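Pasting the structures here.
In the two complexes below, chain A is the common chain; its partner is chain B in one and chain C in the other.
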Partner chain A sequence: MAINYKKELEAAAKSMILVHNPDTLIKMIMRRIVQQIKVSHAGILLYDKDRDTYVLTVSRGPAGLKIPAGFTRMDKDNPLVSFFSQRKDKKLLGDGVLIYEEAKKLLRRKKLDAASRQLLRDALYQLEIFETVVCIPSYFRDDLLGILLLGKKRGNRKFWPDEIDFFVALTSDVAMAIRNAQLFRELELELERKHRLFIHTTIALAAAVEAKDPYTHGHTERVTDISLKIANLLNQKNKGALSEKFLENLHIASLLHDIGKIGIPEAILNKNSSLEEDERKKMQEHPVLGSIILQPIPELNEVILGVKYHHEKFDGSGYPEGLDNGRIPLIAAIISAADTFDAMTTDRPYRKALSKEEAIKEIGRISGKQLDPQIASALLEVYQKGEI
Partner chain B sequence: MARLLIVDDEADVREFAANFFRKRKVEVSTASAGEEALGLIEKQKPDLVLLDIKMAGIDGVETLRRIKEMDRDIKVIMVTGRKPEENSFERCKQLGALQYVHKPLELDELEKIVLKELFPAKKEG
Partner chain C sequence: MAINYKKELEAAAKSMILVHNPDTLIKMIMRRIVQQIKVSHAGILLYDKDRDTYVLTVSRGPAGLKIPAGFTRMDKDNPLVSFFSQRKDKKLLGDGVLIYEEAKKLLRRKKLDAASRQLLRDALYQLEIFETVVCIPSYFRDDLLGILLLGKKRGNRKFWPDEIDFFVALTSDVAMAIRNAQLFRELELELERKHRLFIHTTIALAAAVEAKDPYTHGHTERVTDISLKIANLLNQKNKGALSEKFLENLHIASLLHDIGKIGIPEAILNKNSSLEEDERKKMQEHPVLGSIILQPIPELNEVILGVKYHHEKFDGSGYPEGLDNGRIPLIAAIISAADTFDAMTTDRPYRKALSKEEAIKEIGRISGKQLDPQIASALLEVYQKGEI
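Let's look at the complex of A and B:
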């Protein structure tokens, strides 16, 4: 035998570490088996959790049976699956490998109980229709994860014991790798799900504010959209200076920037004319109120900065703290520019909306005064590109 | 010899299923689309058609309707993909399809169903 099985196993193990996509991994390994051992085909049935059945995921062969991926399945009551999942292999076959020829002999000579004999006979029929001569199960604890099916060797030669050993080791490694890949994927999906849940919760919170303050209807969504566009433009210009995490925080902060308005009396929010001085003071509490609402969530540290300081101005004339140039967090400065632009282009009870062109001119005028000039010019560019 | 027509737009499926049934003494022809299948049926008069539902062009359900229009006696078994449309099962039954099997399918079940229709006398044996 020219094949060094130990080396083959090592090579397979290496690819299992490198390849995280289970489908790619299985295909690679099947191709290897077919090439190295010269079997007419090799296939693997894998347990599909969603459908609660075993699906023939890959089947490879230079000639001979090549079943299209996902075309066939074996349900749990399939005799071959039952044979292995009931662990008949342990009782009837010493090493757990089902070899067609030997099982046939077993049927002839051993004293088998009627049920086992029938099950083995039915399992062998499955081997026949899949043109399989060797079957190797793989388990995780007591669960059957999959079954490796091997077709005839060239010239219908017998499999050598070391070949069988190789396949047993390989199958259990493959099963483990697939199991890991699946767990990893499930974890990723779970994280993704949690993240979506979080974003949707944030959107729901933002909607709570909008429900209370009819004049800002749609405002949150627009401010979020403009903020993210400004950030993306800044990112392009500065070659990815803003981290994923920052963009994510900006997304959340812009959704929640007016959350503090929940604490402002509706009489003020819904007033049809300009605000009196004391009303204005009350209204100006909303950024701090927002930050207090979010304070209990330590993961939202940077988000809170965006909420708390989105009314600060570049020249220090804003509120609540009168922070000036260089002390206003970037996340707040971006939301501020987006918020200012959207406020200008929206009708208010006490004034008509500006057109976008007029608003952009106004943004240019207050750049370097109320607004950070870098961000104002990014906003200008976003507008010129026709993105808003 | 019993004649089977396999209609599926996936070449691998056609090839595999055709080989599978040829080994079981069935004369098999294949078509990759509904139009092609209708042409073949007119010429060859197969005893049984394995018809994939989801195909480009005229789909399996419409192909079934036209087959039955041509010849009510041709037996048709529908094969569906993973996510069959909601009422396609009912619709195929109304149109006279014999059976309805889902991919991924159990090979022995497919074998049983097809051979039973092609060799009805053998089923007692």
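Let's look at the complex of A and C:
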């Protein structure tokens, strides 16, 4: 045995703590044990809180092992689980570790009450099923977190006390690392849940505002879809030039780009003919109204730029500020292209919809005038790929 | 030295990994070292990513230690930091540990190039400032995460190789645990940020909808405030009977309770006299319209109940479904009480506002009729405490 247990333990602890996927972690550790210690196989039986049951993960060593079907999960009343969770081990075993050969001797020699004898016998039968010779439990406070199961050493040699000590320390580390990984995973899931909630609520509220305008059914959803596709294409061409943060902001800004319409009188939104000059002026206030609504939210700074400037044009002929090339924020320029394309392909009170083919031709024509040519060409490419 | 280093290390690792506040963690470990190993003091110099500098945390032992002012932070060009981060130690020190006495001997005996000699001399001067006799660095990949600084042992005795080994392992564990805690903290902050973003966006959009109704300025904010105060009072009386989740849902539902007004024609919202029967009917659709808007969001199930039923009354005389006592969800009953109180205390087209005192009397009068008596009495108590 040329293993430096202390070094091995340090290395294991070091590699474990920053792995935050519990499954990866367990498999990593099992592989390590089997490779370094040369046992036939190793397994870890781990408590799964969600299902209130113990789940077995096994790594095969050179000798291999067949786990009987139906034994990858164990209920709390499984004899091996209850042997350790009832902590009868304190009475039966000195150091908490269950070693098959020694337990057999115990059964033969020691005077045990009937219940303890039965419990131990049932637990040992489980060890036989899993061809396990050593079992090491790990607790967090009083709860049994898991059990490490070890198969035979090469040549069926006895485990040294040093080795048992090593496994006890390792099991404790593993259990803690797994607990940590689980906490981490829970936090990540909560974050994903919160993000979904935010996006879905924004979608619902934007849709409610959109419903006020009878001419824009499904518009927000389509603009969001096209904007994100343009951004992804730009990102592919420039190898991740757009950050995750930008893409998230573009997503939110696309959903909210017309939110200012909530402040436009229904009489204007519902008019089924071309707008009068003063009505058009009023209608053109919606980007600024949208930015005013979102102004109190500091985290939405970039989103607000997208909302406020999505009707600016590349040649400076847009509104509200008549910004031109280079001064229009990228987030607004992308939404503008998507918005323009979607407006062309849907019916309006004063004109019929263009086909997508016709609209794309029109996009080509206004590229470099109304639209940023780079973004217009990305939109063209998205269309050519059949994505819209 | 009657310390079982292995056991000590296990215990330390076990306690560390689940502490996710880096500051707490560092102080805990420092205290442990000072108490168990009986050194005059111990310090840890830890990299602070946000400020790109190293921060010193020190625990005093029985002998105490004064840290010179201005030395709680060290830049990357501090000689001690650069000694370890340049990893000159590989050349100068066998095992990476800097021991004051041995380094002094090295300076006297060994042939060193001028640069190494200067670097070591400068580093040792730092050790003198901190009355440190042993320094143990810890790396993650190639980055210097931190340095453990140890003061003198009692009676100025030499550290044993066993002790140094222990500290090397401990430092490695500490650095990993701290890295883990930092990652955890970042995730938690991100979660808080996301929650704030969600709440603030909901507030902004609810305010925009509210602005459509000229008679309800600030209504949403006040109803939310009153609802949460009622819930907190109920919680105090019943020792946390309401879960965090419920309080969060109540918060969101209060913000969104009138969101359905987005679907009510402006002509009705803006009317400055009492509503006709058909207009009243239309207006009374707003809770159901609100629930329809939010329906696509499964996470908002309980929120939707609050929105849909906030105009139900305890005696079954409310709308949309005429639910009575026991069938009205708690979340809706709380919003209902807050909404009723706020409506009484603000001007409406058809009547002037009541004073708060008059409104509370009225609340008492309709308790057990329109309002759930338990909630009405909680509202009364909130008022008596001067919270509203």
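The rule is simple: the second predicted complex is superposed on the first by the 271 of 388 C-alpha atoms of A that agree within 3 Å, B and C clash if a C-alpha of one lies under 4 Å from a C-alpha of the other, contacts with A are read in each partner's own complex, and residues count from 1 in each chain.
Here is the rule we use: a contact is a pair of C-beta atoms (placed from the backbone, for glycine too) under 8 Å apart; a residue touches a chain by one contact, two chains touch by 3 or more.
It should be emphasised that the depicted structure is a prediction, and the values quoted were computed from it without experimental measurement.
After overlaying the two complexes on the shared chain, residue contacts for A:294 are found with chain C alone; chain B is out of touch.
Taking chain A as the reference chain, the count of touched residues is higher for C when chain B and chain C are set side by side. Contacts of A:208 after superposition: chain C is touched, whereas chain B is not reached. Legend: residue contacts after superposition of the two complexes on their common chain; A:56 is shown touching chain B, with no touch to chain C. With both structures placed on the common chain, the touch criterion links A:126 to chain B but leaves chain C unconnected.
By the touch criterion defined above, A:196 lies against chain C but remains apart from chain B after alignment on the C-alpha atoms of chain A. Of the two partner chains placed by the overlay, only chain B lies in contact with A:72; chain C stays clear of it. In the superposition on chain A, A:271 contacts neither chain B nor chain C. Overlap of the chain B and chain C interfaces on chain A comprises no residues. Within the complex formed with chain A, the chain C residues making contact are 6, 10, 13-14, 17-18, 20, 165, 169, 172-173, 176-177, 179-180, 183-184, 187-188, 190-191, 193-198, 200-205, 207-209, 211-212, 259, 262-263, 265-266, 293-294, 296-297, 299-300.
For chain A in complex with chain B, the residues that touch the partner chain are 53, 55-56, 65-68, 70-75, 78, 125-126, 129-130. Across the complex, chain B meets chain A through its residues 10, 12-13, 15-16, 19-20, 82, 103-108, 111.
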